[in-house]
Amino acid sequence: MKLSDLAEITNSIIEQGNTDLEIESAAGLDIARRGQITFLANPKYTPQIKDTKASAIFLNENVELERADIAVLRTKDAYLAYTRALRAFNPEPEIVPLIHPTAVIHETAKISLNVEIYANVVIGANCEIAESVRIYPNVTIYDNVKIGASSVIHSGAAIRENCEIGVNCIIHNNTTIGSDGFGYAKTEEKSWLKIPQTGRVVLEDDVEIGANSAIDCASVGETRIMRGAKIDNLVQIGHSCTIEEDALICAQTGLAGSSIIGKRVILAGQVGIAGHLRVGDDVVITAKSATSHDVENGKILSGIPAFDNRDWLRSIAAFRRLGEMARTIREMEKQIRHLSSKK
Amino acid sequence: MKLSDLAEITNSIIEQGNTDLEIESAAGLDIARRGQITFLANPKYTPQIKDTKASAIFLNENVELERADIAVLRTKDAYLAYTRALRAFNPEPEIVPLIHPTAVIHETAKISLNVEIYANVVIGANCEIAESVRIYPNVTIYDNVKIGASSVIHSGAAIRENCEIGVNCIIHNNTTIGSDGFGYAKTEEKSWLKIPQTGRVVLEDDVEIGANSAIDCASVGETRIMRGAKIDNLVQIGHSCTIEEDALICAQTGLAGSSIIGKRVILAGQVGIAGHLRVGDDVVITAKSATSHDVENGKILSGIPAFDNRDWLRSIAAFRRLGEMARTIREMEKQIRHLSSKK
Amino acid sequence: MKLSDLAEITNSIIEQGNTDLEIESAAGLDIARRGQITFLANPKYTPQIKDTKASAIFLNENVELERADIAVLRTKDAYLAYTRALRAFNPEPEIVPLIHPTAVIHETAKISLNVEIYANVVIGANCEIAESVRIYPNVTIYDNVKIGASSVIHSGAAIRENCEIGVNCIIHNNTTIGSDGFGYAKTEEKSWLKIPQTGRVVLEDDVEIGANSAIDCASVGETRIMRGAKIDNLVQIGHSCTIEEDALICAQTGLAGSSIIGKRVILAGQVGIAGHLRVGDDVVITAKSATSHDVENGKILSGIPAFDNRDWLRSIAAFRRLGEMARTIREMEKQIRHLSSKK
């Protein structure tokens, strides 16, 4: 790809270098070779610039470069530009239409012509599979499921009855979409009576779900993952939750039922969210934290239970010395008793 | 269904309304329509009663209703009665006997006539599948497994050799029953030598296991999940554990090996239980907590490590101000030094 | 097996008993029967020796036995010797060469003659399956995967494109090897743009991965699990991590991307490791702890965030009384004010 083409698709300006320079791929500063483009986003890596073998580099607007032998693409966000370059150099392969003879597809399912359906895939009654969808081996799709165009379902995934997957979604291996919510009523004999879970899961467009995650259907109505939300591996989403647009939910996070996660929220790894609450837009909850209360828009929270991240940083700093603090307090009590007896 | 029939199956008494009133389904207070029955269990939702469009309502014994246009079913536990109504309106579909031609069933397996075995299911040697069992696509059942009547195994589940599943159990998608326990001895070279895991897993009757959970077999003997226990998604049960009757284990909880969880225990989400301990009957351990010690019957515990929930509530309240407490202590030390020097 | 043979394979010396004594299996002290060998490693179980029905016992070098009717095998590490005995009595079954007719194997895949490939296994283009490999039903192996000799892949596992599995590895059910790393760049519209994940996962020899775990491929290059590392159920390994030799990672632990776990490290259950850090050799991080910093070799850490285990034990002891400490501090403040006013 010519440097000028790369500049165009990455919203960058050629500040230095030949517009016809051929760039063949993209790689990090330390491993990039001749013919590759790299990037600098984190100032921590600035020293690596003088040694990089890359032929071109994306630079943020306020960064200087003291090498004349590297083409410079100036851009607002070097990391984003680099990601766009990586995507240009690693395009999704074209669909090669295929329905493997071992796939078991119910006669009432509507399958578009231009799809890849691999070996041992099972598709239930009344499903609708849109064009350019890829379904890898050993996937099970229950009845009445819709899968939107260009979505990819990886091997071993299960999509339960009535669920709906949007356009351009990716579901990784062995993930379960639409399993029963965990709901029981206690009987007179203190046993648990299962509450029917009759709802479904809806994934809107551009949603990605990692491997081995479980997203429960609603008891009634919908569990909904909204446009652009990204969910990592081994995540639990309880029944009737709503994950709003562009939320990012990292690995091993778990949500109980009926909670709402706002737009652009980031839940870091192993976070816990109790049921029936709302986490406001743009909130960040740091790794291993948990909340059982609503969270206002824009907050950064930490801890179990979670509170303001700056306060938490002070609390955990003190916590390391808590044994010593306890001793100090006992000592001060003695001194005060002593002082009081003398006064 | 007539109101009188509904009253009978839910152990309720018609206090107001026509016994012949036709009720067609059940729904929550806020979304119930004409022809539906709803319930009030949590006083927090009492204000919604005046606006509900439901035709009938389950009410606990001490709750007043100021609307004459709604039939009232009076009962001891409105939530339980509502659950029974939901179950009556959403019965499990009848078994339609089927063994899909792509299912691979070992010739020595004994399969009852009245079962549903879907596409690409694999069943090993000497298995016994009782009547009214449903096994969804792409399930793998290893050799010598027994599955009791009316149990349901969802797609992608794996049931390893020698395991036994009781009557009326449900195993959700991609769950693993009977994988090897995590046991190694350290060699002279500080490598790990695998300890053979030759035991099995037994699920007694009425057990439900969520999606993507992993229940390890015992090293020797049994890992046992007793009658009525309910286990959520992404739960880890280590080798040789025993989960006693009606215990409730929420998502992403993990148990190390050889621990015993007592009757009716509730382990909330993301709890951790160390190995070789006993959690007594009726214990509640709140979300994200962990214990490495035995727990007496009836305790409510929180924290890492867990202790009495009321004490924990006081500790976490103080923890939020721990940075400030540390400063206060330093300040008091100065003042005491000052006072001491003056005395 | 004769006692003398057992002594030889377990590096033990017959101190008491007949070298021709027939031992048929091995079991724990409390359940061992006539004809079995048992062991004592933990002094806590010493009282059980007087009642055991075992015919022989492994004993560590400094342990006394006051029974003349039990053969004694003296050894440096009774637990290790017992494990070796268990392995001798429970050998892996011989390979019975089999490629099930329902397996779907790409014509370009190279499959050794001496393998077991069960029903509905799918193997992609250019894969290489070495001798004595077992692949259980419903496993999916994407293109260009290599599996080393004598490895076992359990049902439902997914091995994504280009991954490499060493010799003598075990991968349990429904585990995913090589799913996409969780990497996105933020666009101008605050949406997430997927960063192509073009790397792979390499498992070296003697690696075991539990059930329902997810090991992401590198964005570029490799995620590598080195020789002898053991990983439990429901574990998350982020993109581009390296797990060094003989590390032990317990259930539900999660690693973010690009971290390095040193040799013989033990990460107990539900631990969290942030990205881009190094945990030094021989470190132990106790259950439910988390670190976002490098850890020096040999440390034992606990807490969120983790610090020295002994300090943590003091801190958590004080934490239980933190509500009381807060009250004591308020009380002391009053007393100091009182004293100051009087001075």
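Each chain gets a letter, A, B and C, in the order it is written, and its residues are counted from 1.
Methods note: a residue touches a chain if its C-beta (ideal position, glycine included) is under 8 Å from a C-beta of that chain, and two chains touch if they have at least 3 such contacts.
Bear in mind that the values here come from a model prediction, so they are computed numbers and not experimental data.
Visitor: If subunit B and subunit C share one sequence, what is the angle of the rotation that overlays their CA atoms, in steps of 5 degrees?
Guide: Superposing the C-alpha atoms of subunit B on subunit C needs a rotation of 120 degrees.
Visitor: Would you kindly state whether over half or under half of the residue numbers at the subunit A/subunit B interface are used by both copies, giving same or different?
Guide: different
Visitor: Whole-Å distance, subunit A centre to subunit B centre, using C-alpha means?
Guide: Spacing between the chain centres: roughly 26 Å.
Visitor: Return the residues of subunit C touching two or more other chains; collapse runs of consecutive numbers into ranges.
Guide: 102, 120, 138, 156, 174, 212, 234, 252, 270, 304, 319, 321-322, 325, 329, 332, 336, 339, 343
Visitor: For the complex, which residues does subunit C have touching subunit B?
Guide: On the subunit C side, the touching residues are 27-28, 31, 76-77, 79-80, 82-84, 86-87, 90, 100, 102, 118-120, 136-138, 154-156, 170, 172-174, 206, 208, 210-212, 228, 230, 232-234, 245-246, 248, 250-252, 264, 269-270, 287-288, 304, 316, 319-326, 329, 332-333, 336, 339-340, 343.
Visitor: Give every residue of subunit A touching subunit B within the complex, in rising order.
Guide: Of all residues in subunit A, those touching subunit B are 102, 104, 120, 122, 138-140, 142, 156-158, 160, 174-176, 179-180, 182, 184-188, 190-196, 198, 212-214, 216, 220-221, 234, 236, 238, 252, 254, 256, 270, 272, 274, 290, 292, 303-305, 307, 311, 314-315, 317-319, 321-322, 325, 328-329, 332, 335-336, 339, 342-343.
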